[in-house]
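These notes open a run of structures that come right after.
What follows is a pair of complexes built around chain A, which joins chain B in one and chain C in the other.
Let's look at the complex of A and B:
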């Protein structure tokens, strides 16, 4: 009995050692695997072209040789100033519309009695499963026919349709957790339904609204397929579309593509750093499509 | 009409108006395209027909499906699609599981690691695909250059532009689909955070008493892992596989941006694009999209018929 116990103890200790070792090497492996591409993106964007061609295996960054020319070129010679402002415009409007429609819709589904209410909350998730590649060709065809395809506003509506189901779903599940007594009191005191939404629901739902806003912003900012298929005029390009254009037009100047990639990534990473909690909540609630 | 009934009627009408804009957007940009696609896939439509009224002529045919299924490459593309989907899904879930187990305990810097591990998933797809293409580039790529300089390789490996790579291990020669493997590895890199988040949430939900009880009974750490953790994760792992399978099967962006479907990486979604913009054959493109949609419908049906029940 005693011997058996000590063997057990030894095994426990051995396994704990193995686990410690695996954990440390595992964490190092993941850190390098995840962080290296981002590190390399930034380092390459700050290098002059000669350095990239002559010395591609130099892993460090010479502080003295840092060169912001790629950013200057991309912003001013390759139209990225325009693409960035287009992307901000598209994302901001998508976020605003998505917030308004999902708040009003979520209120209706969780607070009002009407036929088909259960069906509504069920079908939302199915809608959300429809992949973009199945929708893009028919939409391309109809908007080409109508002459509306090459338009930033059509793109906004497409993004809205892509994000609304998740936004609605997230707000519905949040509204369900809010106590209704205050709203009843509000209605008794003569508030309209919209008054209740504005004065009671919205102030109480700030965290959920933040999650929706971040999620929607991220989808609209990152989106590639529809922007790529729909937009023809460079003046209307979003930043993702612009990066693809740049990568297709300049073959050797990798540092330009990397500078553009940094510019499209930075806003998302900054938002993520500050609002990680909200963003993660949004992603897990909606199980972000991708 | 009693006043209660009238109130219900008014509430219903208000709900209708509140939901109309959302309905309109979803109807126009999600449901309508699906139905419109059903029409397009049964018609001979080329890219040149988009400005005329030929789109609405009633000349239905099954030629597009014939075109898609009799394509000599159809079998290869389907096989590539399945390999990519299953490989990418499994890899991302395994990496996600490993990452979740690593981050699960309590230690300093845990929040930082969690944030870091999610970043491949939230970064824009164009940025990460171009960065990886650059890293893997045979001439200027850092990976090939480091391997060459250190003598690991004698000539660079074109990870994303070569179909096959002949390998010899212990005197046995075999070949692996190089570009496809690279794309699957990328898929694992980019989507493991998705599995990571869900598995981590589940791990933290496992009651500590289970582990305490097991260690009192003399279970070693590995035994505790295999007899407690693994069974507790079974549901979330299978649900994750279903979702990853659906989304990877329909994934276009990543493969398109990495390889354009060259070098043996052409999947069905790439075919949707190539029929439309390579052959100007919108009909065949829609038919391929219908095939994808059919597969999706089967999976959704399976999920809602059995999956939801398992979860409950």
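Let's look at the complex of A and C:
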């Protein structure tokens, strides 16, 4: 009995050791894969040019020698101020439109009864059967014919088509979790349908709406393929398109590309940290029976 | 304050018939209870009255005017939901005032009415809390308050007490009855709990399978159920009900059940012979002395509820429940003799009450 117990104990210790080892290796692996390039990117963007040229393998950052010149150059000499504002414009409008359309559409599909409702809810994700690369060529041709191609607003249209299905899907599944009695209560209290959506559904869906906004923003901000294909005029470039432009230019400077890349990444990071607080669940606590 | 009339309400969900041919008249200021097992259509009926569901046929009239085409917003009714359905993102005060706010009532008036209602329900000290900070009983009060504050024409309550624990439920039930006396408003109340229905209702509507089985005052429904469903659904413990035949022997009617005979004395039955079901409530079975005509039963189990005891006994091949005073002492296995007053018998033929039995007493 006692022996058996000690064997079990030893086995458990061994298991714990293995698990700890695997966990540490896993974390290290991801740090190396994700954090290291990120670190390298930031460090490279902050080191003065001559230092990079003289000592390219140096990973350390000398605090005294931090140099924001690369950022300044990228923003003002290479047009990134323009690219960033273009990107903000495109992403913000995509987010706004996708929130409005997904809220109204998602509500209709979950709550209202109409012909073709079931088909609607199943078919929403069908667009993901077509990879972007398959769509980009015909869209390029069509928009070229229509003379609309080199336009930021066409880009918004494409991004909306890309993000709306997932946005709808996310909101639909969230709306389904909201108790229908609460809407009935709203209707009895004198709300119209839109009143119910505005005063009850939207406040309660804040976490889901935040997720949708974050997701849509990320897609629109990071998107490259369509921006690359559609935009010709540098004035209309979005930031991801701008980075490629910069990287492909003759006077390629690693430091500038790194600074530009940091500028692509940072807003997403900030947004994520900001929204993360709102992504917590449990908004409806207390509505229903105890 | 209004009277409500339903005429031939029918509602289908796909192939399922939720309601069919429902007629009902609720008088001004009346407390009407819709009672039935779950899935009988009572909540659907309430939603139809509220305008949250539209009926497929029939019409809803409020004070004689058809309101079929009105939205819930324009019907001027208030509803209390089983789940309370409070707005979790609003404080209690906002919850109470929401309906008034939606109707464009000035802010000062809203504040006054909210305070009055909160005082009436004893929730004045909770006004700044959110629903998640309230106990079940407090949430229930807020849900009631939200309906009360507007003084609508009609109150609809959908099992408002079913989520409270037993003691609280009894208290709130009493309060609700007093409240109704105080505000004298028309109430339609849905429940599956017959005790609630009997204690609260001035008129009880027993429903099953989307149809109204019986409408009447609680005591009428208890004493003269129109069919075996109502007879067994109302009353606790359940009415004893036996299948058998009535035949005549030396000018006296005798009921033969499974393994026992019951002499019927002189019940006023036209039809003295044939297959029937007879029912008797536990309190109408009396313990008698041994003689040739009184049936004997064997005590199987005794349940003591404190104020009285119920004896579960074997009568022939059937079971019989009878009520005895709390100080009566019986042992399991004991043989006792019972008498049943024929006037207290409920006789059903093909599930329907034989009209002639007890009809004079209605």
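One rule holds for everything that comes next: the second predicted complex is superposed on the first by the 240 of 290 C-alpha atoms of A that agree within 3 Å, B and C clash if a C-alpha of one lies under 4 Å from a C-alpha of the other, contacts with A are read in each partner's own complex, and residues count from 1 in each chain.
Methods note: a residue touches a chain if its C-beta (ideal position, glycine included) is under 8 Å from a C-beta of that chain, and two chains touch if they have at least 3 such contacts.
Predicted, not measured: the structure shown is a model, and the values here were computed from it.
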Check the residue A:17 against both partner chains and state whether it touches chain B (first), chain C (second), both, or neither. neither
Output check: A:142 vs chain B and chain C. Expected answer is one of first, second, both, neither. What do you get? first
In the overlaid three-chain picture, which partner chain does A:247 touch, first (chain B) or second (chain C), both, or neither? first
Going by the contact rule stated at the top, is it chain B or chain C that touches a larger number of residues on chain A? B
Check the residue A:185 against both partner chains and state whether it touches chain B (first), chain C (second), both, or neither. second
Looking at the overlay, what does A:66 touch: chain B (first), chain C (second), both, or neither? neither
Pick one for A:195: touches chain B only (first), chain C only (second), both, or neither. second
Check the residue A:7 against both partner chains and state whether it touches chain B (first), chain C (second), both, or neither. neither
State whether A:81 touches chain B only (first), chain C only (second), both chains, or neither. neither
Quick check on the superposed pair: does A:204 touch chain B, chain C, both, or neither? Answer first, second, both or neither. second
Which chain A residues are contacted by chain C in one complex and by chain B in the other? 283-284, 287-290
Tell me, which parts of chain A touch chain C in their complex? 179, 181-182, 184-192, 195, 200, 203-204, 283-290
Would you mind writing out the residues of chain A in touch with chain B in their complex? 8, 11-12, 15-16, 19, 23, 26-27, 30-31, 33-38, 40-41, 44, 52-53, 56-57, 59, 101-102, 104-105, 107-109, 112-115, 117, 120, 126-127, 129-142, 144-145, 157-158, 160-162, 164-165, 168, 193, 218, 221-222, 224-225, 240, 243-244, 247, 254, 257-258, 261-262, 264-265, 268-269, 272-273, 276, 279-280, 283-284, 287-290
Touch list for chain C against partner chain A, complex: 47, 50-52, 71-73, 77-79, 81-89, 98-99, 102-103, 130-136, 139, 146, 163
Going by the contact rule at the top, pick out the chain B residues touching chain A in the complex. 8, 11-12, 14-16, 18-19, 21-22, 25-26, 28-34, 36-37, 40, 45, 50-51, 55, 98-99, 102-103, 105, 113, 115-128, 130-132, 134-135, 137, 139-142, 145-146, 149, 189, 191, 194, 197-198, 201, 218, 220-222, 243, 246-247, 250-253, 257, 269, 272-273, 276, 282, 285-286, 289, 292-293, 296, 300, 304
